[in-house]
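After this come two complexes, each holding subunit A, first together with subunit B and then together with subunit C.
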Partner chain A sequence: MTIQTPNGFSLDTAGRRIVVDPVTRIEGHMRCEVNVDSNNVIRNAVSTGTMWRGLEVILKGRDPRDAWAFVERICGVCTGCHALTSVRAVEDALNIKIPNNAFLIREIMAKVLQWHDHVVHFYHLHALDWVNPVNALKADPKATSALQQAISNHSKSSPGYFRDVQNRLKTFVESGQLGIFKNGYWDNPAYKLPPEADLLAVTHYLEALDFQREIVKVHTIFGGKNPHPNYMVGGVPCAINMDGDMSAGAPLNMERLNFVKLKLQEAFEFSQNVYVPDVIAIASYYKDWLYGGGLSATNVMDYGDYEAIQGQKSTDRLPGGVILGGNWNEVHPIDPRDPEQVQEFVTHSWYTYGAGNNDKGLHPWDGVTEPNYQLGPAAKGTKTNIEAVDEAAKYSWIKAPRWRGNAVEVGPLARYTLAYAKGVDYVKGQVDEALGRFNTLAGTNLTAKQALPTTIGRTLARALEAQYCAAMMLDDFNHLIANIKAGDTSTANMEKWDPATWPKEAKGVGTVAAPRGGLGHWIKIKDGRIENYQCVVPTTWNGGPRDPKGNIGAFEASLLNTPMQRPDEPVEILRTLHSFDPCLACSTHVLAPGGEELARVTVR
Partner chain B sequence: MSDERILVLGIGNILWADEGFGVRVVEALDRAYDIPDQVRLLDGGTQGLYLLPALEEADVVIILDAVDYGLPPGTLHCLADADVPAVLSARKLSLHQTGFQEVLALLQLRGCLPRALRLVGVQPHTLDDYGGGLTEGVAAQVAPAMAEVVRLLSEEFGIALQPAAPRAAGLMAPAIGRAAYEAGRPSADAACRVGDERVLRRGWDG
Partner chain C sequence: MAGLETFYDVMRRQGITRRSFLKYCSLTAAALGLGPEMVPEIAHAMETKPRLPVLWLHGLECTCCSESFIRSAHPLVKDVVLSMISLDYDDTLMASAGHQAEAILDEVMTKYKGNYILAVEGNPPLNEDGMYCIIGGKPFVDQLKKVAKDAKAIISWGSCASYGCVQAARPNPTRATPVHEVIFDKPIIKVPGCPPIAEVMTGVITYMLTFDRIPELDRQGRPKMFYSQRIHDKCYRRPHFDAGQYVEKFDDEGARKGYCLYKVGCKGPTTYNACSTVRWNDGVSFPIQAGHGCIGCSEDGFWDKGSWYARLSDIKGQGFGIEANADQIGLAATAAVGGAVAVHAAVSALKRAQHKGDAQ
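And then the complex of A and B:
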């Protein structure tokens, strides 16, 4: 049976059903079901979050000044962006303006997190969808060296260096400890890299590990510790004293700030010489695999972030807005406070808004998180062992957020599409240069509008965004130093710390350009306590189920029309889903058994 | 006293009842003892791969965690060296263990495995109680787990911890310290505490 969705996709459930559960190498727990036609092309896709998350409800009655510490524990990878979003929401509700130093320090911390998260995602979670580490053993290190020198002027490029890495890898593989590389389909023809490129990528995987150890030290300096850096409503919890010594708990001084600057510069260089060139080079071998765009070709959204001037949203260096219908000439403004714009639907989610309200959309300030687990009539299996969900009924623990009723994609690709459409110079320069290099290597002539809305484009946008963040945080750093040198050492505004100074009731919203996309927290405060708290996280936008009108979300749309080489080896499904960097831990509640090494795949 | 660097690492998510065991033991150690410079107490949460830097710097790693050993709930069980990754890979309880096993493999690939690895684990009773604290039988193992860490440090690694004067823990934000976290919990009426019965069931069936 073929269904035409209102947002322009054609779904056909006639063919064989393939179930991938769990989807591996993501944070959290998710299931994906697709139908393939007789040529093994995906014609229907169903994304299911398989865990319930009750974060909002456990915050009820807590002190709003403490919410950041709870939300920092939602999941293991995006701790800092939840904490930042939370303090922004509370400050918005209570009308607290933070000192400029605090603004700049938070900006640097947010961009370090963005940079770090993107690097870890590409090399550790996503690269294995493109790179075959076993094949790297066959490489001629001289060829890898030549490839490295052709794509960038990274200092580590000698044949001896790559031979050394290859030997380490060989010892590791031969010891039977394939471990991290175990969950792959290494003889699947979907892998296209020559051995020398595989060795290059594995080498940089190891370099990225070295590097992540260094960059998180910035969080330790500004946030007091890492993991779980400290945040604070009203500012940042670190004092500035340029004459301070280096004893434990010492405030920021020049020595520490110089160390931060060095790390930020190294991050920029790693982006420029390693991460971005790697993505372009790898992509060039996949020039014929331009699948996975889905919703990004038409509808994208972000709230906007990275103000150049504190408090002036119009100076966002990654501007927010919404693009609909692929019309890059019109960017609709977005207002997270408007009850008509951002709404969450539960028609196909395992929640209830009460009798008669199944198809209603709720703005997050009025959000309700009440579970209602039931399978549709066409589901196969039982409630404790689902063989196939019924996507015509409720089928996911993720809600379906919409902007004015439209399904949109969020994430680095959405932000880059918006920034490119709005003509942000830095972004336009990056995208055009990257495309030029890709087209030269691949012998193609793709435009931004052809290349960006693809799985590869999503992965490229993340690499470019990491580089842009590194450039922006160096800029933030220079402003911070100038501010301090001008005699401003204030890092917190404590005027409204005491709840006695608060209104009886208040509500606020905080938004952040989180690594996976636009993140929003909505808070209602009453009598000094949290009355309601709702997080709408990026993976909710991308991974959510269908809405009452039948519009499909970004994950489902991205898989359509992709041919699979071998239906029982979901390389293509994982590749595209991973390009979103799904984080189900915060979009749903984690209490899974977890841990299967290999995605379980069932073909029916 | 040796000069080895020792990492005492609590892992798990404090928001899921007994899953928070490892972090709670580290919190209690921080409150009860003066910690010498060569020992680092770390609230690792569910950070997985992001814990690599801390692990690479350590000669000895003592892990505290809730582990599904297949033993009665509330049983404290300690393992050493090669048995540690084996148990973490054979019986995974929650997602962070996948991450942690991967971390150990990466340490090996990079030639940075610690000289000694110890696991002080407890068999959890309840995980599917979102927003909950430690259950009674598991809470009762916090003090014995602390004593085991103190014993390991002293007998195996030559470090005698001295009791500290009682003080507020500095390891985590006070709001999510164990006492404040457990006392401030909203009622079951206000905040639903259960999740997906399918996932819960599979969790216990292994």
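And then the complex of A and C:
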């Protein structure tokens, strides 16, 4: 049976059904089912979030100043994003303006996280969809060295360096204990890299593993630890003492700031010499695999972030907005406070809005969540042994958010599409240069509008965003130093620390350009306590199920029309799903409505 | 298995000579009461012993434990994964997915029956028949019980697996349950923290590989080597606590001088962890050094013990004494002893005097 979705996709459930559960190399738990036709082309796709934690229920009645730590534990991969969004939401509700130093330190921390998350995603969660470590054993290290020297100025480029890595890999593979590479799809023809490129990428897998633990030390200095650095409503907890008594024991002094600066510089170099060149080089071998665009070709959204001037949203260095229908000439403004814009639907989610209301969309400030786990009539298996879900009924622990009723894609590709469309100079320069290098290597002549809305484009946009963040955080650091030099060492505004100074009721919203896309937290405060807390996170936008009108979301749309080399080996499905960097722990948690307890929680 | 990197290879790569290695083998032989003729056999065993298989499962969690694990600086995590253990299943890092991934569990459980380690990150929810966390269409708790059955031992990574952590905070909507309340017949090593320190995680693993035994555990099941003292005990700001020098509010003069954070809510005095000794991320810093109080993330139920910014003395039943240890605190909690001695900032000087007296 063929279904035409209102947002322009054609779904056919006639062919063979393939189930991938668990989808691995993601954060959290996810299931994917697809139907392939007789040519092994994907004609229907179903994305199911398979976990629910109920974090926002837990927040009810707590001190708003404590919320950052609870919501930070929504995700340990994008660690700090939710904490930052939370303190922004609370400060918005209580009208607290933080000192400029605190603003800059938070900006550096946010970009360090963005950078770290993107690097770990590409090398450790995504690369094995493109790179075959077993094939790297066939490489001539001299050829790898030549390739490295052709694509960048990275200092580690000698044949001996690559030979050492290859020898180590050989020992590992020959041990017969393949560890994380076990049962990989290493003889699948979907892998296209020549051995020398595979060896280059495996080597950088290990280099990135080494460096990712270095860059997070910036969080350790400002926030005491990573994962899960500490945040604080009103500013940052790391006080500055440059040359006074006991400076050496203070959170921030000359030595600490020098440490931060060094790590920021190293990150910048790694993006320039390793990450971005690797993505372009690998992509050039996959020039014929331009699948996976889905919704990104038409509808993208972000709230905007990275103000150049604190408090002036118009100075966002990655501006927000919404593009619909692929019209890059018109960017619609977005307002997270407007009840008509961001709404969540639960028609196909394992929640209920109550009898008669199940097809309604609710703005986060008025969100309702009551779990309602049930499989549809066409599902196969049992309630505790699902063989196939029924996507005509409820089939996911993720809700379906929409912007004015439209399904949109979020993430680095969405931000880069918006920035490119709005003519942000840095982004335009990056995209055009990267495309030029890609076209030269691949012998193609693709435009931005052709190349970006693809799986490869999504992966490239992420690499470019990491590079941009590295440049911006160095800029933020220079501003921090200039600010301190000008005599301002303030790091916290404690005027409204005491809940006695707060209004009886307040509500606020915080947004962040999280690694996986636009993230928003909505809070209602009453009598000094959290009355209502709601998060609408990137993977909810991308990985959510269908809405009552039948519009499909970004994950499902992206898989359509992709041919699979071997339907039993989900390389292509993983490749495209991973290009979104799914975060299921983020997407699957909910909030009860104001004052209302969850009805279905039973204690046995 | 030609080319397998064994215990010996790892020692060699870490700069230990063949001569030292053989000496180590003969000492081992002597310790076991074996004659010198057995030394070549021991050496041979160590040269060919396969890497320990580890199956790392994920329940309800945030993946912060895995993220922390890959931050390990000594040993480097690449050395752990390539040379020390065989990380055969870990949904966060493994190449395969779906049924190819699930097949690994069965294979390892059969081939290494009783000889693999089960590492658990997160915990199983028990409400809704376990379907708040679904793996392969079935409840996570089923997978956990299945893999636990033939494991040699279980490591409960982090506060989720050890105690329940954030999803188990009141009202625990999914009935998220720690591992030891679901698995009863295996040794369980709890490595709490949200997340645990990277080098603590790899320290526990390398201890087990090096000494071929489980580290000594306290009454709660935590390795004593990392969890037997409070953050307060070795905090670099401790002298300020004893001297009565406190941060009164964030970003004040005391905050800039690195004074004690007790008055702004630091939970260091009741938190057992290695943050003030091992420190975080290759020893760079730890929360108190960066100016925020400890939130007590390695303690059972820390989410429900009051605000991060509330003083310990304000919290019922959270009194602490300077020389109390984990077992005593545990006993006090078990016996439901209320009104334990609370340390108030104002009397710290008096306390100091008392302690001088204790020492004499």
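Here is the rule we use: the second predicted complex is superposed on the first by the 581 of 604 C-alpha atoms of A that agree within 3 Å, B and C clash if a C-alpha of one lies under 4 Å from a C-alpha of the other, contacts with A are read in each partner's own complex, and residues count from 1 in each chain.
Methods note: a residue touches a chain if its C-beta (ideal position, glycine included) is under 8 Å from a C-beta of that chain, and two chains touch if they have at least 3 such contacts.
This is a predicted model, so every value here is computed, not measured.
K.L.:
Quick one: subunit B and subunit C on subunit A, clash or fit?
P.N.:
The answer is clash.
K.L.:
Should A:V57 be classified as contacting the first partner (subunit B), the second (subunit C), both, or neither?
P.N.:
Both partners.
K.L.:
Does subunit B (first) or subunit C (second) touch A:D338, or do both, or does neither?
P.N.:
Neither: A:D338 stays clear of subunit B and subunit C.
K.L.:
Going by the contact rule set out at the top, does A:E269 touch subunit B (first), subunit C (second), both, or neither?
P.N.:
neither
K.L.:
In the superposed arrangement, does A:T79 touch subunit B (first), subunit C (second), both or neither?
P.N.:
both
K.L.:
After superposition on the shared chain, which partner residues are touched by A:I240: those of subunit B (first), subunit C (second), both, or neither?
P.N.:
second
K.L.:
Considering only the touch criterion stated at the top, classify A:E370 as touching first (subunit B), second (subunit C), both, or neither.
P.N.:
Only subunit B is touched by A:E370; subunit C is not.
K.L.:
Could you tell me if A:E174 is touching subunit B, subunit C, both of them or neither one (first, second, both, neither)?
P.N.:
A:E174 contacts subunit C only, not subunit B.
K.L.:
State whether subunit B or subunit C is in contact with more residues of subunit A in the superposed arrangement.
P.N.:
The partner with more contacted residues on subunit A is C.
K.L.:
Based on the superposed arrangement, let me know which partner A:D21 touches: subunit B (first), subunit C (second), both, or neither?
P.N.:
second
K.L.:
Report, in rising order, the residues of subunit A that make contact with subunit B in one complex and with subunit C in the other.
P.N.:
Looking at subunit A, the two contact sets intersect at 27-29, 50-55, 57-58, 63, 66, 69-70, 73-77, 79, 120, 124, 168, 172, 177, 179-180, 206, 209, 212-213, 216, 227-228, 230, 371, 373, 383-386, 397, 585.
K.L.:
State the interface residues of subunit C toward subunit A in the complex, per the touch definition above.
P.N.:
Within the complex, subunit C contacts subunit A at residues 1-5, 9, 50-51, 53, 58, 60-68, 70-73, 76-78, 81-82, 85-88, 90-98, 100-104, 125-140, 142, 165-167, 169-176, 194-195, 197-198, 236-237, 249-251, 255-258, 275, 280-282, 284-292, 295, 297, 303, 307-309.
K.L.:
Can you check the complex and tell me which residues of subunit B touch subunit A?
P.N.:
Contacts found on subunit B: 13-16, 42-53, 56, 92-99, 101-102, 105-106, 108-111, 127-128, 130-131, 172-173, 175-176, 184-186, 190-203, 206.
K.L.:
Once bound in the complex, which stretches of subunit A touch subunit C?
P.N.:
19-29, 31, 50-55, 57-58, 63, 65-66, 69-70, 73-77, 79, 120, 124-125, 128, 168, 170-172, 174-185, 206, 209-210, 212-213, 216-217, 219-230, 232, 234-241, 244-246, 249-251, 259, 371, 373, 381, 383-387, 397, 489-492, 494, 497, 569-570, 574, 585, 597-598, 600-604
K.L.:
Which part of subunit A faces subunit B closely enough to touch in the complex?
P.N.:
That would be residues 27-29, 50-55, 57-58, 60-63, 66, 68-70, 73-77, 79, 120, 124, 168-169, 172, 177, 179-180, 206, 209, 212-213, 216, 227-228, 230, 350, 369-371, 373, 383-386, 397, 585, 589-595 of subunit A.
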